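Heads up: the structure comes next, in structure tokens.
Labels run A, B and C following the written order; every chain starts at residue 1.
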Amino acid sequence: METKLKDTLREKKPAILKRWFDVIMETYPTEAAGFLKGTKNRFTSPVGYTIYEGIDGLIDGLIREVPFEELSPLLDSIIKIRAVQKFSPSQAVAFIFHLKRIVNEELQNMSDAHGVIDAAALSEFGSKIDTLALISFDIYMESREKVYELKASEARKRAFRLLQRESQLYEMQEKERSDFVITNLLREENQLYGMQGQDPNIETTNLK
Amino acid sequence: MAKTPKPEELSKIDYKLPEKGWMDTPVEFKEGMYCHGARPQYLETVDFPNPRQWSSKKDEDWKLPENWKEIVLNGMKERLEKYRSFRLFMDICVRCGACADKCQFFLGTGDPKNMPVLRAELIRSVYKRYFTASGKMLGKLAGGRELTLDVLKEWWYYFYQCSECRRCSVFCPYGIDQAEITMIGREILNLLGLNTDWIAGPVANSYMRGNHLGLEPHTIKSNFDFMAEDIEEVTGIKVEPTFNRKGAEILFVAPSGDFFGDPGTYTCMGYLMLFHELGLDYTWSTYASEGGNFGSFTSMEMGKRLNYKIYAEAKRLGVKWILGGECGHMWRVVNQYMDTWNGPADFLEVPVSPITGTRFENAKSTKMVHIAEFTADLIKHGKLKLDPSRNDHLKVTFHDSCNTARGMGILDEPRYILKNVLNHFYEMPEETIREKTFCCGSGSGLNAAENMELRLRGGFPRANAVKYVHQKYGVNMLTNICAIDRAALPTLMNYWVPGVDVAGVHELVANALVMKGEKERTQDLRLEPLPEKVGAENV
Amino acid sequence: MGALFSFVVVILLILVAYVGVAAAGLQSIFGIVIPYVAVLTFIVGVVYRVIKWGRSPVPFPIATTGGQQKSLPWIKQAKLDNPSSTTGVIGRMVLEVLLFRSLFRNTKSELRDGKLGYGSAKWLWVAAIAFHWSFWIVLLRHIRLFATPVPSFVNVLENLDGFLQIGVPRLFLTGVILLLAVTYLLLRRFYVPQVRYISLASDYFPLFLIMAIASTGILMRYFFRVDIVGVKELTMGLVSFNPVIPAGVGTIFYIHVFLVSTLFIYFPFSKLMHMGGVFLSPTRNLANNSRMVRHANPWNYPVKVHTYDEYEEEFREKMINAGIPIESTVLPEEFEEEFKEKVEDAGTPVREEE
């Protein structure tokens, strides 16, 4: 990266960091934003802290031009949080693009004092942010998949319990057994995702 | 012309609200944050009111009885007269906010109605309006509000987002305990048949079959056979547990979560190996096969109805005393409710360890001892031969379960055991353990699958502290003494801190336990090779 | 909105007293009738509320345990945070009531860049302690007005309180601390987002009221200088049930008295009852000894249970098949012959076999 751009970014980092953090916090509903904003304590305000530390590291990494593999865990920590916070996929990762705008605006303010920053350098920096955004999509998708996987694996456990309850597991042949597992699995998952609580197709015997 | 939205416009969530008071902000049910409604069979099994097919989505018809409001208000009145805690907690909160940021569900979700004070205010506002002079006269100015269907649904939504962990109550200057308010709130909701499927199911199972999973007696036995096979593979020793055996000295009761599904089964194998090694004269019961008590997440009465089995079975079998396994809310119930509900247990004797002779004075009335107390005493007296190096592949931290920490105070016993059975132990930060411990996010019957987002968010503060020790010390094993932890934490770790496994304390005890006549161990209880043994072969 | 409303109400109260005394000359209403009514309401109200609490039983021993339980003799018990004896409970309550121990827990230790520091969470505790203690001392100092001769502890208190020896009359620290603390508690409600969100009119009103009481008191002592002899004549008249209205006591005194009376009347109907309630809180005032001593529930009632016999009835065959001992000696017909032997075996404890 061009040295001048680098120096300028370094100088402007605290302002960029603050604005970026505030913008991210604005994406939360008003009544939550004020509360999540705490950044000081890793353990008693974990959401704010994790996001703050994450974006701090990202800016730093971009300036120092570290490889993307090193930035990925930072993105990971932020996006995992957003993946379980009821954001749409675009909302969950859009925060990356804010950085671009904020950097541009901050540099515009600076340009008088520091002279013109090489447009090519700036555009290169911008494309790095784009790459981050792409990685973010991957992480977001991974995280969502993970959530569904976790749901499914718990459902699977439930199905096994059902099996146990019907006490057929150890009496069945291998083939029968796997069929039985699959059927119950489907039922349970159907129940989880399709219906709200009750699926008329599931025969739940009255225990009494 | 339609404009393409800028990213910053797009990322603003549409539900961003103008700042309004909480009373004027109607509840919104967010997917992933709540459970399915209880299905009718479950409620019928235990004779609960208003069994019906219903959907717990907010906009659906909840099929409430016509006079639901009257039922709720009468239910409140009855409980105000029955529980000093309820009346007092309704009256004396000054809304200082000390509890606000103590709730993991608030820290994880940012939803202000998850602040303990506001969760309480949801019901307190109705109390003010209908039960106090100031609220009747001044209404909203005195903090009162009408009981509407919306308010009722808000109760249901938020009382089932509280894990009854009591963390708020530690910090409250008056000891106001949101767990108590949630419990009473749920009791009132249950008068209308408003339970969750995930709680009502285990309750019905436990009532009819003796355990939450609904395992029938022969199935329990065959589960134990599987475990015994694994133990034999690891140690070469055949354990032979007995069931419903009259005349045993001790009845052992564990959470049924340990009978089925890992990592609970490893803990169960731990119990079996320990008792076998001691030659303990004990029996399991298939009838009282549940230490946990989802009834206590429903109503005090239901809790009592389920808990009844333990003393009844102890009496029928003629044992001398009862030993209890690793479980969180089970021990809240044993410590603070059991004796009052179903005691006095005057047909039992004050527990005395047959191995060390220690008399458990602290359990002289309930006659029920926690296995961590029992094992700590064994270790202290040098009765166990332990090889901690067998756990050398593990870097371990300990998660205090909410109930055993704040409803009992069993903090140092498990730590003492752990430090004797392994070599690498690391504490999580001080404000996240012992009485300040964070909940796993799935307690009090919240460990369903459909509310996964809630669990992951509520468990985030805990996971975050684990992540800290994972990064700093390389911790790879999160131990606990709670079956819900063993069911919920693997999921939580899988999402937030991959690379950390979950185990009950007695799994690691059994790993280290040098048993008489055992073969040389090359595997741990998970049938994974012991790394140092592999190294030894190479030498 | 709650804040504005409460502020306006307090201003109105001040105006009522001012108009009532300065314009309408209702000194005897504001100096005698209202104070009597206020004290009576306070006493009756507080007693009523406490009795009402007392009437609801404590069915379960629900102590919040804030430390290690009493278990094995060699494990150190946290005797104050997890008391198992009455002494421990008293200790816990004393620390709770006098030093707000739970609130003090509210530390936020900060671990950043590997360094440990303490956050601002102690401020609430500091302000609360400052507020309650100075309020209490100010209240005790007022005994000077209600007793002749003045009890010696009041003089001692005044000497301590005014030890800085600033100004004439001597500046009492507690008055200033009270005002500062109450201001902090109010500002906190304005500026800490979550506290603002939970605050109701009934949270702001007492703060504004107490602020007004402290301010009028300070004004009266240091700036407007009411006739102290006249004041004492009035207060002594009140306690000796021989009320008089001496001439020439400034209006501000009546405003002060009216505000205090309002506080007294308001007290039993409001959250200010926390003062009494803290003593009764079952999570704090019970010992965690419920495994040692049975706690009785006065309304414990029999419940419907699923008995062992019902259980065995349902699963008998399966139990027999699995070799689990059963109670019944009458076997299901189809089992009679085939499994008789098996049942007899199963009935024998395994250990004894060995």
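Assorted remarks:
Note that a residue touches a chain if its C-beta (ideal position, glycine included) is under 8 Å from a C-beta of that chain, and two chains touch if they have at least 3 such contacts.
Keep in mind the model is a prediction, meaning the values are calculated, not measured.
Ranking A-B and B-C by contacting C-beta pairs places B-C first. With chains reduced to the mean position of their C-alpha atoms, the one farthest from subunit C is A.
Per-chain CA centroids place subunit A at a distance of 43 Å from subunit C. As a whole-number value, the distance joining the C-alpha centres of subunit B and subunit C reads 29 Å. Annotation for subunit A: residues 31, 35, 42-44, 167 touch two or more other chains. Shown for subunit C are the residues in touch with two or more other chains, namely 108-109, 111, 194, 197, 318. In subunit B, the residues that touch at least two other chains are 22, 100-101, 112, 207-209, 216, 218, 222, 429, 431.
Interface residues of subunit B, counted against subunit C in their complex, comprise 21-22, 47, 80-88, 91-98, 100-101, 112, 115, 117-118, 121, 132-134, 141-143, 166, 169-177, 180, 207-210, 216-218, 221-222, 240, 242-248, 281, 283, 286-287, 300-301, 304-305, 308-309, 312-313, 316, 334-337, 339-341, 343-344, 358, 360-366, 368, 370, 373, 376-377, 380, 405-413, 416, 429-431, 434-436.
Contacts from subunit B toward subunit A in the complex involve residues 7-8, 10-13, 15-19, 22, 25, 30-32, 36-39, 41-42, 44-45, 53-57, 60, 100-101, 106-112, 197, 204-205, 207-209, 213-216, 218-219, 222-223, 260-261, 429, 431-432, 449-450, 452-453, 456-457, 460-461, 464-465, 468, 491, 494-496. Subunit A meets subunit B in the complex at residues 23, 26-33, 35-36, 38, 42-47, 50, 80-81, 84-87, 90-91, 94-95, 97-98, 101, 143, 146-147, 150-151, 153-155, 157-158, 160-161, 164-165, 167, 170, 192, 196-198, 204-208. Listed in rising order, the residues of subunit C touching subunit B in the complex are 1-2, 5, 49, 52-72, 74-76, 78, 81-82, 84, 96, 100, 102-103, 105-109, 111, 124, 128, 188, 192, 194-195, 197-203, 269-271, 273-274, 277-278, 280-284, 288-297, 299-300, 303-308, 311-312, 314-315, 318-319, 321-327, 349-351.
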